[in-house]
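To keep things simple, chains are lettered A, B, C, D, E and F as they appear, and every chain counts its residues starting from 1.
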């Protein structure tokens, strides 16, 4: 069952991103390009940047953004303990309003862990 | 299938708005009245005001508000290119956190275009 | 049917909170403890504090937080008229962007009223 | 010295509100009218409503709104302990990001207490 | 005196933007480039785009962004009545929390009108 | 001159924090305690956690929080290039609305670099 969450999320994301990019709007195209480049290895390691992306997304309470960065963290092999610690910083900064989003973040991480490819 | 999104959204919206207004709360009633008047022709044309409503809604990341103003823009015959340009301004101002809401905005616009009345 | 909304919300909430607390993260644990203590009788009566929790949640546009505090208000026997008045303060302060969340708040209150235990 | 904060805030607020209302914009005028009516005695007592206005303002991190509602609370004779408890609910819900605004809220309350009319 | 607000804002903005761009960070540089291009004539006229930038900024309660777009609107010769109407849409959508930012917006517009070059 | 910004910020922060803690409110006291513990060495190194605190603060557009975490990053010897990279992630995620806060962040970093103790 957990494949569903992951697969559905990624399928919808890919399908719609394609449509957004099919239009000839330059701003959209460039922001998408930037989005890919921003998390590349730089002065900070890729892992730290993905944790930053995750933390920022949680504090801004964007479930889909949290899912995306969770998946990137998972693929990079960041252990759950580190991911949870990053989330906990956002919980303190963002307050209890963040809790419902943290519940959904945990659900997605679990789905990633039990995903059968 | 696309009728579903549009019809479901509008049915739920109408049904619940009725309930909100059935209560005798003055603030709620007056805010709803204001909401209708605000987007009327004025110093600015109706179209510009709906684009403002759309842009503000996207930047505040309110999916239902985005849907509502998309539908108004669609009914006013604003071409997709203009709607997308307004969305792109909000994307730049609001950052990548806005992208998931833009995906859903595109999905709704497509549903409006393929809607069979 | 209304039992579904209430039961589903509480079941998911309990299940995931348990998982969040199963991890040994101290910040998460302490924030959860604080969350329980904050709404206890104090200088302000419990009812006022739950209305504050509800109003703050609406203005921050967190549907799950709104649901949680609505349920607490309902259990404390706060009449609908008072709850709606608290919501209307948040509507004025937070603007029309709050309306979609208010619709869902009303739906949940109705579900609580018709809940058959 | 504390008179300065209070007097400056109120002088600027009055002067600019007058200018906002001097324009013939209906939305602005009606929102201002609503703003006055919302906090009147109703299903909830005036004090509870001012505490709601204060809590919502803190969680939305609006210093001037916090100041305005603090002053209303002060005039209504709400004891500091109750005001602080309302603020603490907002601190928990809104997280540590709220702290800088709470510092400024305390400063304003102190100015109100030492104000010499 | 009104020259001070305008001149100070622009001097600080220019000085610090230069420092931000002096660093070799690509993301910063590209976002700044995009920022310039986004408000150029396109499917929507320049004026509409500046009003969108202004409305989005107000609803997000960013005083400096409001000032920047007010100045652009002023330079484009958009009459005050239209600017105020755009602000009023944001006031309705964003709620009374927006009022303090609207006061400062009015102050800046007045400064622009009385500016002696 | 740059000593002024740093010294003023820290003096005001200390003075007001003391007042906040002088009251007997438990929530406030515990949130402050948590705030100290959260950024300690853990599964993630202290430096990563301060960068997370900084990034989250920027994306939430809290100038004082940004200043606080900048100072912590500075004391930990994190090079400017890394700090800027963390800020740039927040700029992309949070959008151009973040720029004014980034200008003030740069100003504070410069003040830290030229601080004479």
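Heads up, the rule we're going with is that a contact is a pair of C-beta atoms (placed from the backbone, for glycine too) under 8 Å apart; a residue touches a chain by one contact, two chains touch by 3 or more.
The structure presented is a predicted model; accordingly, all values stated were derived computationally and were not measured.
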For this session: Determine how many degrees of rotation, between 0 and 180 and to the nearest 5, align the Cα atoms of chain C with the equivalent atoms in chain E.
Result: 180
Problem set entry | Which listed pair, A-C, B-F or B-E, duplicates the contacts of C-D in over half of its pairs | B-E
Problem set entry | Self-contact between copies chain E and chain F, residue sets same or different by half | different
Seminar exercise, completed: Per the C-alpha means, the centres of chain A and chain F lie apart by a whole-Å value of 24
Problem set entry | Interchain centroid distance [CA atoms averaged], chain D/chain F, Å | 27
For this session: Let me have the rounded angstrom distance from the C-alpha centre of chain B over to the C-alpha centre of chain D, please.
Result: 31
Seminar exercise, completed: Cα centre of chain A to Cα centre of chain D, whole Å, reads 37
Exercise. What are the residues of chain A that contact at least two other chains?
Worked result: 27, 31, 34-35, 38, 56-57, 60, 65, 81, 84-85, 88-89, 91-94, 96-97
Exercise. For the protein chains shown, what form does their contact graph take: line, ring, star, complete or other?
Worked result: complete
Exercise. Where on chain D does chain C make contact in their complex?
Worked result: 31, 34-35, 38-39, 42-44, 48-49, 51-53, 55-57, 59-60, 65, 79, 81-82, 84-86, 88-90, 92-94
Seminar exercise, completed: Listed in rising order, chain D residues that touch chain F in their complex are 61, 80-81, 84-85, 88-89, 91-92, 96-97, 99-100, 102-104, 106-107, 110
Problem set entry | chain A - residues contacting chain E, complex | 26-27, 30-31, 34, 37-38
Problem set entry | Residues on chain D engaged by chain E in the complex (per definition of touch) | 12-13, 16-17, 19-20, 23, 25-28, 31, 35, 56-57, 60, 62-65
Exercise. Given the complex with chain F, which residues does chain B contribute to the contact?
Worked result: 59, 91-98
